[in-house]
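Two complexes are shown next, each including chain A; its partner changes from chain B in the first to chain C in the second.
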Partner chain A sequence: MRAYLSFFRMRLINGLQYRTAAYAGIFTQFFWGFMEIQLYGAFYRENPDNFPMALPHLVSYIWLRQALLRLLDTWTMEQEMLDMILSGNVAYELCRPTSLYGMWFARHAAQRLSATALRCWPILLVAALLPDPWGLRLPPSLGAAGAAALSLTLSLGVVTAYTLIVYFSCFFTLSAEGTRAVLMPLIGLMSGELIPLPFMPDGLSRVLSCLPFAAITNAPLRIYSGDLAGTAAAQTLLLQAFWLAALVLLGRWMQGRGMRRLCVQGG
Partner chain B sequence: MRLYLHFFAMHLKSRMAYRKSFFFSLVGQFLSAFAAVASIWFLFARFESVRGYTLSECMLCTGVVLMSFSLAECFFRGFDRFSRVVREAQFDRILLRPRGVIFQLICQEIDFARLGKLLQGALMLAYGISVSPVSWTPARIALLAAMVLSGTLVFASLFLLYAALCFFTLEGLEFMNVFTDGAREFGAYPLDVYGAALLKFCTFVIPYALFQYYPLTYLLGRTDNPLCALAPLAAPLFALPCYAVWRIGARRYQSAGS
Partner chain C sequence: MIQVEHLTKTYRVSRREGGLLQAIKALGRRETDAVRALDDISLTIADGEIVGYIGPNGAGKSSTIKILSGILVPDAGVCRVNGRVPWKERKRHVAEIGVVFGQRTQLWWDVPVADSFALLRDIYRVDEAHYRRNVEELTELLDLGQLLRTPARQLSLGQRMRCEIAASLLHDPKVLFLDEPTIGLDAVSKLAVRSFIKARNQSHGTTVLLTTHDMQDIAALAERIVLIGRGKILMDGTFADVRAVDPSAESLDALAASLYRHYGM
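And then the complex of A and B:
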């Protein structure tokens, strides 16, 4: 376990180096969130009765999504790791006395965390200071805050496990680009990144919220604002835990299969 | 022009060497535009209208913006990599060749994956035209074409500005994406949706509204003001300051010396 923690730390420190890119990213994400809230606001004024979430819940959802974009987005891939698989350098990683899956899991999770740790604070701070319907608000209760923290941790696990599955698919397809190009927009839609799931037609949103992708963005952000509370929140947390376990198992299985093929290719 | 076609064929051949990956990225581009349109569709399915615009009116607007953005992107996005060209002093090589600098940069990166978007843009525009309540006359068709062309010019100017700024900063400024990708994303809705302050910004600072909002209101019969119909003619003026920044930057350019 200690070995994985130090991989995690190494990557975290490495990621904290790139500050300028982070500042540009903050501006972009803030502006994006602002525009999107304006847009939903216009829809709200037009037809407040059809609004599927309370307006403050939605606003918190968008601000949090912008602040935590790098933590939860489903398109971040590390070229370095893909190259390792493609060039056969993954063999070096296999020489290490730790499990490849555990090591990469720690590494990728740290990468996401460090990118977010740099970027989220200014957005959270400014969003929290905005006047009432347009600002980020604290969760309604301590319980909700705790549940949101737990859910966010599970989300990080799910999105990391998902990313590793895409990496390992490289063992079979030898190029992540295609897989990524096709998956990215669909998963973005299904995880609640593009629009919050409740804004979709009811049947579709009910189906999507059971899929693993909803465990990434949809779950923690809605639990935070109290949009999902009580039993609904508990169910969502359980579902997240289930998908985390399932995706980790699937990833490990793919890694095992991939390793066997890798030997055939000779590395 | 013949030279451009030559470059075009060259890039196409090199892309076709990796046919599968090309195909997948084409599908991917297509899907991502589809996802964006789907989310607009979902929102309208729930709310029916926004600021009095119906889905069909909005789709016309989406089509115009998407089409002009993908046209600009298909031909001018090569400027995106310009920070590298400056930093590695490849710009020296470009300066030495007996052709226009901007022309060479346009030739350098022709990205066919964006043909997917172009197709999507064309389809979107066709769809927008077919569902829109406008009764099409030759004059209105000409106005629509002017909107698309002037939009292409505005986006192309933004790409040029982005590259010009690299002369000063030596690295790409990610925040410029707000004005290109962001405008495509949010320009899918008529701009007055976002409030009066933003509309002013989009009229006087970066003239998105001149090719989108004003002519659109005229097309949809919300106003009779002929100025609104002439607005797309004014938008290309935006190219002038962008080109000026480019010229200043290019004159200031000192090779990176590597």
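And then the complex of A and C:
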């Protein structure tokens, strides 16, 4: 446990090194969220009946997504970790008395958490101060808040397990670029990162909700605003837990296979 | 105590002629050759020994170290380090060894070295008082001082290597594997590294297995020299035995060349 906490501290220290990136990120994310809300607002004014989410739900969804972008996005990769596998520095990781999967899981989750901890506050604060209906609002009940917190934790687990799978694909393909290029836009779409899933065609949206990617952005943000509540929220939480377990098992299996093929080349 | 018996490791290397046509052919079927990196290696190293492990590039030195440190699994053979088979009891094994790969880095690039050390402290579960004592001792012997407060990327190679060596000793390993620890270092840094290794061996009784291409490392450090070539152990003796191969060699490098020639490499 101490080693995992230490990873978190290390990532936080590491993240603090890149101040300019943090400021630029905050500004971009705020601006992007603002523009997007204006866009959806225009559609809403045109025809409120044809809008699949309540406007305040949608607005909270977008602000939270912008604030938590670095926690949940499906395209953050740590170049260092890819390099480690490709360059053979992974040799050092293998001579540590910890489970490699556990260590990398902690390390990557810590990276997401620390990057978010550095950036989310200004966005949350400003979004909360905006007037109705353009601002971020508190969840409708204490129950929704608790469920959203649980859901967000599961999301972090799912997205971390997913990212590790992309890393481990390096053991087999020597480059994660291909995997990333093919998957990134597709998965951004399927996770609810680009467009909230209710805005997709009906059948498609239902299928996508069952996939692991919907367990990343879609689930916690809709539970937060009360867009998913009661049974629907409970089902979503269960599904998230299921995907977390499935992706962890798959990742560990890939790691086991990869390590057996591994030859640390050169030097 | 390190016991190695009949260790064998084979790699597959894909081979083809250069050229576009050959590259297109290789899309369909790829030819691979088996390269035997280690061929029936047996070796015993007693506690507290410093063993210099030498041989030309590609002889199998690094493969041996990687197997002994639990990173690679051999095709056949056994080895035990303090009674444990490295790749079977990996976690308990690696807690008691230290490894330095001269061509790789274990320090975090953008943060001060001290932060990397603190992370290693937690990974190896070294208690705080003990850790402080070790850092103090290593700082003094390796002259780390200001280096601990500097990001790894801003260190010179010699400074970084001193930090790498310190990093691999924070948990008091009984056995230290050094894979080309002096590669690329200037004369001053080399001397510092050598005298440190010697001192560590004498004060802590640390067993050291060292690979290098620098015969001066060997002359200065190793009481025992093991020569490996084409995956086999060709000689196991002292520096005097090496010297005897070509007593008239003008320099240590010439001596090494004579030695390799003598064994047909």
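Keep in mind that, in the parts below, the second predicted complex is superposed on the first by the 262 of 267 C-alpha atoms of A that agree within 3 Å, B and C clash if a C-alpha of one lies under 4 Å from a C-alpha of the other, contacts with A are read in each partner's own complex, and residues count from 1 in each chain.
Simple rule for what comes next: a residue touches a chain if its C-beta (ideal position, glycine included) is under 8 Å from a C-beta of that chain, and two chains touch if they have at least 3 such contacts.
Quick caveat: nothing in here was measured; it's all calculated off a predicted structure.
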First (chain B), second (chain C), both or neither touched by A:10: second
Based on the superposed arrangement, let me know which partner A:43 touches: chain B (first), chain C (second), both, or neither? first
Applying the document's definition of touch, where does A:260 land relative to chain B and chain C: first, second, both, or neither? second
Report for A:102: first if it touches chain B alone, second if chain C alone, otherwise both or neither. neither
First (chain B), second (chain C), both or neither: which does A:88 touch? second
Considering only the touch criterion stated at the top, classify A:140 as touching first (chain B), second (chain C), both, or neither. neither
Enumerate the residues of chain A that count as touching chain B in its complex and touching chain C in the other. none
Complex contacts: residues of chain A adjacent to chain C: 2-3, 5-7, 9-10, 13-14, 17, 80, 87-89, 91-92, 94-99, 103, 260, 262-264, 266-267
Taking the complex as given, what residues does chain B use to touch chain A? 20-21, 23-25, 27-29, 31-32, 34-36, 38-39, 42-43, 45-51, 171, 173-175, 177-178, 182, 186, 189, 193-195, 198
Which part of chain C faces chain A closely enough to touch in the complex? 11, 62, 66, 69-73, 90-92, 94-95, 97, 99, 101-106, 108-111, 115, 118-119, 121-125, 179-180
Give the list of chain A residues in touch with chain B in this complex. 20-21, 24-25, 27-28, 31-32, 35-36, 38-39, 42-43, 46-47, 50, 52, 175, 177-182, 184-186, 188-189, 194-195, 199-201
